[in-house]
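Report on the following structure.
Chain naming follows the written order as A, B, C and D, and within any one chain the residues start at number 1.
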Amino acid sequence: MISITKDIIDQLKILEQLKDNSSGAVVFFTGIVRDHNSKEKVEGIFYEAYEEMVEEILKKIEKEISGNWNIKKFIAIHRIGYLKVGEISVIVGVSSEHRKEAFEACSYGIDNIKKRCPIWKKEEMESGDSEWVQGVMINE
Amino acid sequence: MISITKDIIDQLKILEQLKDNSSGAVVFFTGIVRDHNSKEKVEGIFYEAYEEMVEEILKKIEKEISGNWNIKKFIAIHRIGYLKVGEISVIVGVSSEHRKEAFEACSYGIDNIKKRCPIWKKEEMESGDSEWVQGVMINE
Amino acid sequence: MKSCHDTTLKIKVFGIVREKLKSDTLNIPINNNSVSLEEIKKYLKEFYPYLSKNEINFVFAINKVIRNENVNVTSSDEIALIPPISGG
Amino acid sequence: MKSCHDTTLKIKVFGIVREKLKSDTLNIPINNNSVSLEEIKKYLKEFYPYLSKNEINFVFAINKVIRNENVNVTSSDEIALIPPISGG
C-alpha cells in the first residue's frame, strides 16, 4: 500500500495493517520533523509534491521491492502540507518472514523515496524566516 | 531503555518513548510469533530466559550501540512466557538524527539479542505436539 | 491566416520555482506542433530570468517520467519542471 | 572429622535441559573449596545421562558471563548451564 496524504499519519493503524500471522518480522521507518537544521531552530516544515508523479514512483518502488525481496506487506506513505516539529512526514513499513529481508526492503524503500520522489520542503524557522531546503537532483 | 518482561508489549507506548524532537528518524523492529515453522502449523511459543543474564547483556548491547552510533534513544524489550501467534516477542527501536544510524543500530540490536541473550523457545503446534527450537551456541 | 502562436504548452512548476515565479504553471506559446526540451529550456531562461541563474538546476518530467534526452513534446504532454528534490 | 561432601554447587539449567532433567537447579556435591568447569562437566555427564548425549551441547556462564576456559568456581559463584539459544 502506497500513498501521498495531507492527513496525519496514524502509526498504530499502519502497524495493524502490516501485521500478518505468517510474518516473523516487521521493520518500520518514520521520518519526523526535527526541531533544528544545521543552523537554526525549526518550527515546522511545509512539504509540497508533484503528487501524481510521486504515486507513480511509489508504485515502481513497491514493485521493485516485491521483486527483490520475499516480503509479505509493504507500506509507504508520504505526508504533504504543513507539519509541526515531531510530526511524521514519511513512513515505510515492511513485514516478512525473516528480519534481514524486512530491514533491507525498508531501507531500500526510504532511500529510494528520498532519491526519486518529486517532493520539496520549506523549513519555517522559529525566527520567522523560511527557506526551501536545497535538495538533490532527482535520480529516477 | 532495556528490559525483559512477562507483559504484552505495547508498541504505541514504545513509539511514544522513542519520540524526540531533535531526532529525524525512528527505526523500529518487532519480532512476531509466526503461525508456522518449516514443517508445521504453530499455535504459540513459550519463551524462557536466564533473566538476570539477559538484562546484563542487553545493557552491554545498549552501551555498544551508544558507543558506535550517534543515536538519541534506544529501546530493547524481550517478552517471555507463553505468546500466541501474532504477539510480539521482541522489539528494538532507535531514534537518531539521520536514518542510516537508526537502521544500523536497530539491526545491530536485534542481531546481537539473537546471538548473545540466553533465551530459549518451545513451539506449541496446532497438532498438540511441542518442541524446543534447536538454537545456536551463545556467542557472548 | 494562421496565427503566429498556435498553441500553448503548460509547464507545471513546484517548490522554490513555483514560489519565485508566483505561479504553478508556466505557459509557453509554440509555433509548431512539437518542440524540443532544449527549445523550452532556452525559452524559459530567456523569459524567466530566475531560471537562468546558476544556482537553480532542473530537469523535465514528461508524462511523469524524467527525460534527460532532448525529446520533442506537444501540448498534449504533461510537462513538469523538477528542481532538486528534498522529500523524506 | 570432615564430611566427604562439604559443599554443594548449584547449577541453574534452562529450556530443554530444565525440562528433561525436571529441575531448574542441579546440585553437585564437591569435596574442595573450588572445582573446575571440566570437573563439573564430567560429573554432570556421569550423573545426568541426558547431558552426555551428543545432540546436547552447552557452555557455562559464571556470574552471568560465558566462560569458555576451564576456570575454577566455588559455591559462592552463580553457575548456569547454557544450551543453544533461540531468542528473538
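Assorted remarks:
Convention: contacts are C-beta pairs under 8 Å (C-beta built on N, C-alpha and C of every residue); 3 or more make two chains touch, one makes a residue touch a chain.
Because the structure is predicted, anything quoted here is derived from the model rather than measured.
Path length between subunit B and subunit D in the touching-chain graph (shortest route): 1. With every chain reduced to the mean of its CA atoms, the largest distance from subunit B is reached by C. Centre-to-centre, using mean CA coordinates, subunit A is 51 Å away from subunit D. Distance between subunit A and subunit C, defined via averaged C-alpha coordinates, is recorded as 28 Å. For the pair subunit C and subunit D, the distance between C-alpha centroids works out to 77 Å. Multi-chain contact residues of subunit C (touching two or more other chains): none found. Each of residues 31, 110 in subunit B touches at least two other chains.
By the definition given earlier, chain contacts exist for A-B, A-C, B-D.
Taken together, the subunit C residues at the contact with subunit A in this complex read 12, 14-16, 18-19, 57, 59, 61, 64-66, 80, 82-88.
Interface residues of subunit B, counted against subunit A in their complex, comprise 11-12, 15, 19, 21-36, 85-86, 97, 99, 102-103, 106-107, 110.
In the complex of the two chains, the subunit B residues touching subunit D come out as 31, 47-50, 52-54, 56, 78, 89-90, 110, 113-114, 117-122, 132-138, 140.
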